[in-house]
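Just so it is clear, A, B, C, D, E and F label the chains in written order, and each chain counts residues from 1 on its own.
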Amino acid sequence: MNILSVAAHPDDTEILCAGTLIRYAREGHRVTIAAFTNGSMGDLVIKPEEMGAIRKKEAQAAADLIGAKLIWPAVADEQVFPDQQHRAIMVDILREADPDIIFTHSPNDYHPDHRYVSQLVFDAYSQKGLPFIPHQSLPPCRLDNAQIYYMDNVCGIRFMPSEYVDISDTFELKKQMLCCHKSQLKDMKDEANTDVLELIETQARFRGLAAGCKYAEGFNRLEAYQRGLTKRVLP
Amino acid sequence: MNILSVAAHPDDTEILCAGTLIRYAREGHRVTIAAFTNGSMGDLVIKPEEMGAIRKKEAQAAADLIGAKLIWPAVADEQVFPDQQHRAIMVDILREADPDIIFTHSPNDYHPDHRYVSQLVFDAYSQKGLPFIPHQSLPPCRLDNAQIYYMDNVCGIRFMPSEYVDISDTFELKKQMLCCHKSQLKDMKDEANTDVLELIETQARFRGLAAGCKYAEGFNRLEAYQRGLTKRVLP
Amino acid sequence: MNILSVAAHPDDTEILCAGTLIRYAREGHRVTIAAFTNGSMGDLVIKPEEMGAIRKKEAQAAADLIGAKLIWPAVADEQVFPDQQHRAIMVDILREADPDIIFTHSPNDYHPDHRYVSQLVFDAYSQKGLPFIPHQSLPPCRLDNAQIYYMDNVCGIRFMPSEYVDISDTFELKKQMLCCHKSQLKDMKDEANTDVLELIETQARFRGLAAGCKYAEGFNRLEAYQRGLTKRVLP
Amino acid sequence: MNILSVAAHPDDTEILCAGTLIRYAREGHRVTIAAFTNGSMGDLVIKPEEMGAIRKKEAQAAADLIGAKLIWPAVADEQVFPDQQHRAIMVDILREADPDIIFTHSPNDYHPDHRYVSQLVFDAYSQKGLPFIPHQSLPPCRLDNAQIYYMDNVCGIRFMPSEYVDISDTFELKKQMLCCHKSQLKDMKDEANTDVLELIETQARFRGLAAGCKYAEGFNRLEAYQRGLTKRVLP
Amino acid sequence: MNILSVAAHPDDTEILCAGTLIRYAREGHRVTIAAFTNGSMGDLVIKPEEMGAIRKKEAQAAADLIGAKLIWPAVADEQVFPDQQHRAIMVDILREADPDIIFTHSPNDYHPDHRYVSQLVFDAYSQKGLPFIPHQSLPPCRLDNAQIYYMDNVCGIRFMPSEYVDISDTFELKKQMLCCHKSQLKDMKDEANTDVLELIETQARFRGLAAGCKYAEGFNRLEAYQRGLTKRVLP
Amino acid sequence: MNILSVAAHPDDTEILCAGTLIRYAREGHRVTIAAFTNGSMGDLVIKPEEMGAIRKKEAQAAADLIGAKLIWPAVADEQVFPDQQHRAIMVDILREADPDIIFTHSPNDYHPDHRYVSQLVFDAYSQKGLPFIPHQSLPPCRLDNAQIYYMDNVCGIRFMPSEYVDISDTFELKKQMLCCHKSQLKDMKDEANTDVLELIETQARFRGLAAGCKYAEGFNRLEAYQRGLTKRVLP
């Protein structure tokens, strides 16, 4: 299967669903990680342009750890809007990945970029397989129905998972993927007093307690017309 | 009364509330059907321009069956956004129909055009009766409070009706209205393996079982300031 | 139609739906008011037995104002349980009233007697029309489907009405009905520092603002199998 | 695996989850059907005792069609309460079946027996594996965590499935199982004007449309401590 | 603390949270009132430009009554959109006020301007403290976490407060603040048949009954990452 | 203030709200811990009578650590029902503690005893201050309104806190309190493969991340008539 994760910032995928992506990768599925924005606002001192370049390298390094393809449209960080321009970018992302399964942010997460990326995924879904959509760079991909899974919110606020993936065996590599985002680990500690590694360990352990395993990631599936699920597609 | 249905695509009204519109028409009310987009993406081979022309004819034929007026702003299919340009179009639709009752999509239906049309109806409502709104082609209509009813979602996913209309006597004509959209019946079968006529029969029968009649359409009303309902306005 | 209100305490019907009952009575429908408990705990000094007698007189006086029949099973106040004994009493109440419409408390109101009366109405509903239910004093009434309406919660807490009844013309008589419950008006003021007349005026006015009239009562209907509503049965 | 369906009345399992049970049976799992009550009130003329005997034969015939074991505690129909006596019966049912997966009614279905059976399953779950529970006839079964799945509500009212089972290949046998309940097919037609066979076909087709297959049954899983699901246990 | 109220129209703050702002002001906190639009559509006869000027004077007079600072970006009334242009304005408002607590509309209130202002506050929040956000006139304010409180909906429709502020002692001044908006009191009476002073008295009294005091305003807090509340910040 | 925690089993209070109780105790408030059942089923080998005795000692030791009073009605474990007998016990508990604040289980936690204890607290609340309630051993306590707070669910499943208490300074003592329940720490490890100490650390840390502190406990308040909160009563 083709697996796509579309998150707002370069480290969101690592924080919220890397453990699951690793399982897919190990099972031989084709994994694509799209960082919708370039994360250029992720530092209070380093200028956006330089920051964007740093974060692209970090994201590429993380993707390389599991042999995933990185899509990097370089949208300006903190400037995501549900308009025509951003939707066209999202449609091209979906067409490039041609996914069977899409992971993205929950529509009610705490950051506007998270919410709008989630909305854009929903909006672009209907257009990925249509031939005459204007403003697109790429030809349509399959019209087939993919499943959209919403990732857990950061710290689980206002999110109650309905499905879990056991990531006990992939958690260490998930941490290594996150460690590629060196600039953010440092910034989050300095500016937001947050140890992101400890955060993901606590969240994975908390979800694991619910799921009856060591570490887990939690998800909710978008229920939509003709996409009711009669089998499990999560690993 | 003036009855307005505003749906995203030329066949949505037929699928989701035609049985109710027929009842209004038979009772002598003035019915207007607005197809917000031209449905030009509704085929994988026929070009949008040609498709738009075909669908306008089909929509007109369906409206003619019940003597309804058709509003056709010819917005590009799959390109609805909640911006100034689209809102101005929606305000003009409301002004032209001057409705007592408005039917539109539920805000959580499965297609982005459905959701944004619903949002635009909500947004335009406050402006239909105001005299100084810029960018409008038509003069304001009544400031009076109309009721907004959300139509069932396709296949009822994430929708639980609170009010029902018995369409046992109008279901045959509803089917004939839908049959006017020949291009879609064929396309849905070829491309999405969906028999739309069977779909609406199943949905109408399912809602009828809930409502204790043969066939029914289900709705939810928007509860809003000074629009609490002290009488039934559905047929 | 036969209209039945079943509330937990002798003044609850007056507080929560009397304005609507008056409208039914004026339209010629047969109204029954059942006070499930005798309200015998409604005073901190007067003994339960005496209090129960006082409250029965008060309830009868209120019912007489609109020509309603009073059902008074004299269940002990503050001692309602969802068990066999109380259900049998509730089944007999429904059989005696043979209702087309039933008003009762919302399942999430603030008092346990309110909640359990609501639950008992739900539970007894399926048995009112069956011939072989044991422990019953009365023969079955119609098997036909009645509609269950949940009354507003006191002060509207955790209750959002979906339907309203305009009680502008009946509010004065509703107040008079409530005034029959002299013991409670005094007790609520002395012990709970509550002016119940002012409370119902505020609540009726608040719901009226929502509904676009002077005074209103708000309700939610129980949606259940074959009881979807295709017409309005509220006045 | 051991599969258990516990429903309130002898035909509820057939209506709401037989298609899924057949799939389990065909895959070689051990299926048990528990009819919590004897359905003795299922006729307006035939006396309860005789009716109970008729319905036991019907239920046995249906179970035999798929080689399922029938548990028949003969609780009086329309007399289910969440008390000690009924809980002890439910604990013994769970102990006898020793289930890996339990199907039961949704807590908000339309009939009190349905709701209380659902509540009793929830309540009995914690006690099935404990050694010192008083009043039990059977020794404890496994303490291991089973999954509880709530079946669809009749006509889907107030129920939105999160998981589906494709029953296209088992629907015919599901109908045959339901046809074993001859007394009910006739009674529902005579007294409630309901063709139950048509009802289950409509509901299975409606859920199938949502799930993208011909016929489906829909379910919701109880999310509980250490029972988060990291794999699919539905067929 | 710095307290900021951002509402869509010049009188919304007075209607929905002035009683609380007065308490903050009296306790010595710095209060800022931002009227996001100029309210220029608030009359059916007076032209927008003139109306905007009138309303600015009225808003200033109300703010002066409690020594609050008024922010007046003069956005066109009924023309709020969640786009880049409006977000930049909102970010500047937050930067100017540098708030510890923000009051804004609930995301589900009845007017599109209310909803989009609420959405813009949510969206701008993440950017108020970042140094490189483009299109901004003002330098970043503190990155520290402020609390966002959603104000009650008008007439409480679809709003259930979780926290209350006792405004018994400030209600008279709240009314005086509202009375500064003379143009609206008259317009609402003439055009919408609404006595706004009576409306706020009813709503404050209704919330007061729930809260056990004479008058109250009700709020809901946005629960978000690292903004869980371990102390009360409301007065 | 008088603080009361009523939980189903002897260690539930320690797991779910001890950190908060310690803060109250340190501030000089009077703390009472009621263990509704004797926890006699908490072992698969030790007989209930002996187990009950062990658990009483453990509970007493834990309470002693913070100078709390222990109420021990010795209700049989796994045998809680919402009937008259159990309600009378709960009313006496409330009367003995005469609480200003009550902590109990959330109504939707995973264990039936948890749910029924929560329901009994709700039910008994209205009767604690009334003079003529039958079957009570203790005289009524204050009629004044206490606040009911629902504790977090175990592992947070289906629970989203609205208020938090910072327990960073009390977490060590909370662990010591839990360690008094030696029999359970061992049993949970042996039989349910659960390290309860690790569980509470993960849950407290997860809630702390949400609340912006090291460790936190999360709660939801019961919103009820005249109990809207205009001040914070949590520590």
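Just so we're on the same page, a contact is a pair of C-beta atoms (placed from the backbone, for glycine too) under 8 Å apart; a residue touches a chain by one contact, two chains touch by 3 or more.
Treat the numbers as computed from the prediction; the structure is a model and nothing was measured.
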item	value
Chains contacting each of chain D and chain E, listed by label	A, B, C, F
Same or different residue numbers at the chain C/chain E copy interface, by half rule	same
Equivalent interface to B-D, taken from B-E, C-E or E-F so that over half of the residue contact pairs match	C-E
Chain whose mean Cα position lies farthest from chain C	A
Rounded Å distance between chain B and chain F, as computed from the means of their C-alpha atoms	53
Interchain centroid distance [CA atoms averaged], chain A/chain F, Å	39
Chain centre separation (chain A, chain E; CA means) in Å	35
Shared interface positions of chain E, touching two or more other chains	82-83, 155, 157-158, 160, 209-210, 223, 225-226, 228
Graph class of chain-chain contacts, one of line, ring, star, complete, other	other
Chains that touch, pairwise	A-B, A-D, A-E, A-F, B-C, B-D, B-E, C-D, C-E, C-F, D-F, E-F
Chain E partner contacts - residues on chain A that touch it in the complex	40-41, 44-45, 47-48, 76, 78-79, 81-83, 110-113, 153-155, 157-158, 191-192, 194
Interfacial residue positions of chain A with respect to chain B in the complex	82-84, 87, 122-123, 125-127, 130-134, 143, 223-226, 228
Residue numbers on chain E that touch chain C, as the complex places them	155-158, 160, 199, 202-203, 205-206, 209-210
Chain A residues touching chain D - in the complex, by the definition given at the top	145, 160-166, 207, 209-213, 216, 218, 221, 223, 225-232
